[in-house]
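The structure appears right after this line, and notes come after that.
Should a chain be cited, it is by its letter among A, B, C and D, assigned in written order, with residues numbered from 1 in that chain.
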């Protein structure tokens, strides 16, 4: 069978590297081009010695012409505001795109500009309507038919999956949602900074960007969509535009570990519920999702259980003293939070089994 | 000048050891007895080789007779429900006691029994009225005249200090307070468990006891007291008894680091406020507190800045999108959260400068 | 095709668990019994929640009768001196055994008794001659035809593979070999001890068992065998018995990380050599070994590059100032140092591709 | 009493910062200038928030004129080859200098040029004869009368102190000395590099500069001096120049922890010795050294026991199988390995008690 020809643009950041690592063992994919502006001309195993004996490919500068000619599908693992310079040209050539930046996640270009301080040009703006938010547990069918998938952010993946059933079935109030999230350092990328210098980061823990982290609009867009659709159908964008959308309080923290995100969510129950009822709601919502594991109370996920896998592990407890439900949602930020989810999307877009190449 | 004769009961847990470490360099204290049921008969430097060349003392079994005869003040670093077997006898002999367990923290013995599953006997119950909650930033004057100080828990110290000014000055609503706290492993003590086995705990992060952690009643007692006194004086116990006390949602997590607690608090502003106004409230509240450091927005505390010190570092930001104030409060769990605070209490009870021996 | 029926005795230590983890994804193996004296009766996913959605099997008590009846091959992941109580019965029933203890590694039962303080009984002693030391890079052909493979220790694997070519080709003197080795904590197992308590182990580093670690005789046996065979054929055991065997100085240290061993070897060159010549010797020796990666000077292996793989990564430098060659040899202690190598041996014994199920 | 006026040139590297941290609490020192080319104009607590409430000083650009006018003693915490541009001018103005670079450690300027790739100018070369190698346990008397102390490197401190008594008393052969050393990351400084990026360094361990680390000449100079003086007096430089000096094999490794160095030394005993005899040699050699702790076999130092102190902890075992003595020597690289030792030297040069300000 002819293999899918895939290229990775931005192959030497942590996300790009992780996509490569997964695709090396994917039985239905052939890696075509790996681009890197920093390391072009070097063998990939020179930059990442862990690829010795596994991959003998040269990193190249991005040439959109040849990449689009020789690839069926391209992963764009580029910084926010840079992907939008690349995606339109690829799509025009008939190449499918899975974009790992934020550029096509937000439906409303005004909101994008507000949070990312840069606007889409006309060409790119025109793609927003066709771009699908790449969370397979919510948008499986749309992803299947899409040419442009906006791969979700790491925090949003853990948070949206963690609370979606509660909002969908209106078990909780849409107001006052608080998310206290904690991420390992690979989430901050491979770029050097004093904050991520080992001697500074080790044995430390801190909150950062506690006001206005740019994953907020993406989370609110999706939670609002789930909540309002759950209730009254498709008119949710109007709701959101008119200020009736869900607003969350979100605070990220930096863990002194390499991988993993644990998000703790605090939501107010609409009415008193037993844990068994809520458990059933989760199990129903995720019955066809191969990469979501629901933990029955009192068991709860932990970062080490999800790291190295493409699972999103979800657990919860009801705190009757304060009429609250607490959610614990865990992912590996580089897998289900980025590269693993991107390959899951690729599988769906290409008609492969959803879990192909992702059973580590 | 005659030195204060101090003994430590339970000197080989992490808290007891830390008290010893501090007192070795305290210029006004003479260490009399260090008791340990596990290691009696051994030199302290055999158990803790870091004390070589610093302390050449033998660990002994607890003999209340000799300890109370030869000590002016005793630190009881014993498990909950054990201290209450020891403290009354010491006090009767005229010895001052700083108890590091929870046994004398809760004013209401019914609440104690509910959360700790054991009741006080008559003798011990009689001491509750005279016991002072040992948070010097709130109860300095009472501590000064006290013979029995109940040293606060580690989480409660970080939380109460973090939100006290907001409640005192009624800047926030007393309902809906959420505390998401993260602690290093020494907080769990020196007792072996699979959870704390290095290979299990390393590179991990998880929530634990997410419903019903037994630091909750202590936090609620003190926050209620601060809030109601702020408003209308002394009648708060009645308020609390009648169910009008503050109820918090509290979730502790385990960090893969040795020391430090960072508590993130979420509170709702009573009315819109600028950060400058709130900053003034904090500075006013803590103007005489040598061990509280207030960070001006946008600066925030981090665990590494407080570890190894007796400071409680506090910062905050106002999130106008959701009318919320977020508090970050950090301590070293073994110092301001236990041993350091105990020595601070000792200094106050003994008329020494509050910071004596605590400037590391 | 009929799958190989494999059982794991001692499935809940770190090594046993890792064998299970590998075999879950091995296309040619069916897991029959997983035994555990501690957790018998529980589901494996109750003990190891990371197996949720992957393995729904119950842990059972060891019943040699049923295990040998229903298994083609058994992994005995038991403590030293315990395996010898189990292996003979399995072999007698025609089951192949891969033993992960030290019990069948040493050819000379006198040496075994000296280092492990327990003797073999007659039955077990009789198996020593047929047992093959399970290092595929040295004993591939013998392993292929064997029913009893003694899986090497973790330190010995890294050390023997690291220096074998140098000794085989007599590039170094057999005297004065020094090995300074550093291991992550999983090497010490899942049993609780204060040394491995997170708060004690974290941010620490230390040497342990610096005299007389019981991996020494195994290393010396194999190095002597390689050296004397390289020179003059099969009569090495006589050499060793008469005291002409290689004696090494070996010092293990404990790293505050979960996985990985890095061994630094110091050997004296027989005569001046260029690094290129030595490199060729290594490449020649390991030309057919899929799990050995040779790093060309000046590149050197690091623990993170080998962790999570079944590779042994080897690098070296020649220090002309002191006529010495320094070797750096790295493995994942649970994979190439234990479970991965065991599965590699299983593959060879069963006629599967050597790398089957091991390409993570 | 008039305090010593001390300045720190290069106050914002890890070493400079640690000197400041110590001097804040030193009762006999007044901090005059803290210079930093990177952060001049900022308050020190802006750069290092841990100094809040402790030090309210402004970082300034280096002005040799004012620094030398207003200081009695200056710590130069500058990179190698930079200190030599500064020290001569300070000394000429009558200011005492403790230099933390390598510039004045090597007696022979030819050796310096060989290892550091830059030569001394005439002025600086002229200072080599008067510079004292600042290891108080060896050169106390010389340090006392010196104006220019060359503070030893971190690895050399641990190694020289670890083996000095063995060489002094000729208990070991001077040939074949092997040192396998392991350091925490602060030893590599505050400068960013991918190697020290948390995500790269965490859960890793590796050797680096395994050939030709530039601490080698300093170690060899001092070991040769100790060995030859032990034997036949002052003519050792001639011995060394004629190639009879000690040559060591030295291999540093990077530990994924913040602080601490553990050096493992392998030496050959001159003749068979019992551990008790060797212990006496160590105790005799260090009887007046307040910062050396000798561990009696079988006890051995560990990194956590020395971190946070100015001690050098030394232990050893004799391995009779291979006629070898193994040394374990541990320090905190920023304290006894740099800033602590510098303050110890300052105390000696200034007539203060040797341990003043160093009892943490």
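Throughout what follows, a contact is a pair of C-beta atoms (placed from the backbone, for glycine too) under 8 Å apart; a residue touches a chain by one contact, two chains touch by 3 or more.
Keep in mind the model is a prediction, meaning the values are calculated, not measured.
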Given the two chain pairs A-B and A-D, which is bridged by the higher number of C-beta pairs in contact? A-B
Most remote chain relative to chain D, going by C-alpha centroids? A
Rounded to the nearest Å, the gap separating the Cα centres of chain A and chain B is 40
What is the distance in Å between the mean C-alpha positions of chain A and chain D? 48
Spell out, as numbers or ranges, the residues of chain B touching 2 or more other chains. 203, 256-258, 302, 304
Over in the complex, which chain A residues touch chain B? Could you list them? 176, 178, 180, 182, 200, 203-207, 210-211, 247-249, 251, 253, 255-260, 262, 264, 266, 300-304, 307, 317-319, 321-322, 324, 326, 328
In their shared complex, at which residues does chain A touch chain D? 14, 184-186, 188, 190, 192-194, 196-199, 201-203, 256-258
Residue ranges of chain A in contact with chain C within the complex: 25, 49-50, 52-53, 203, 290, 293, 295, 299, 302, 304-305, 308-309, 311, 359-360
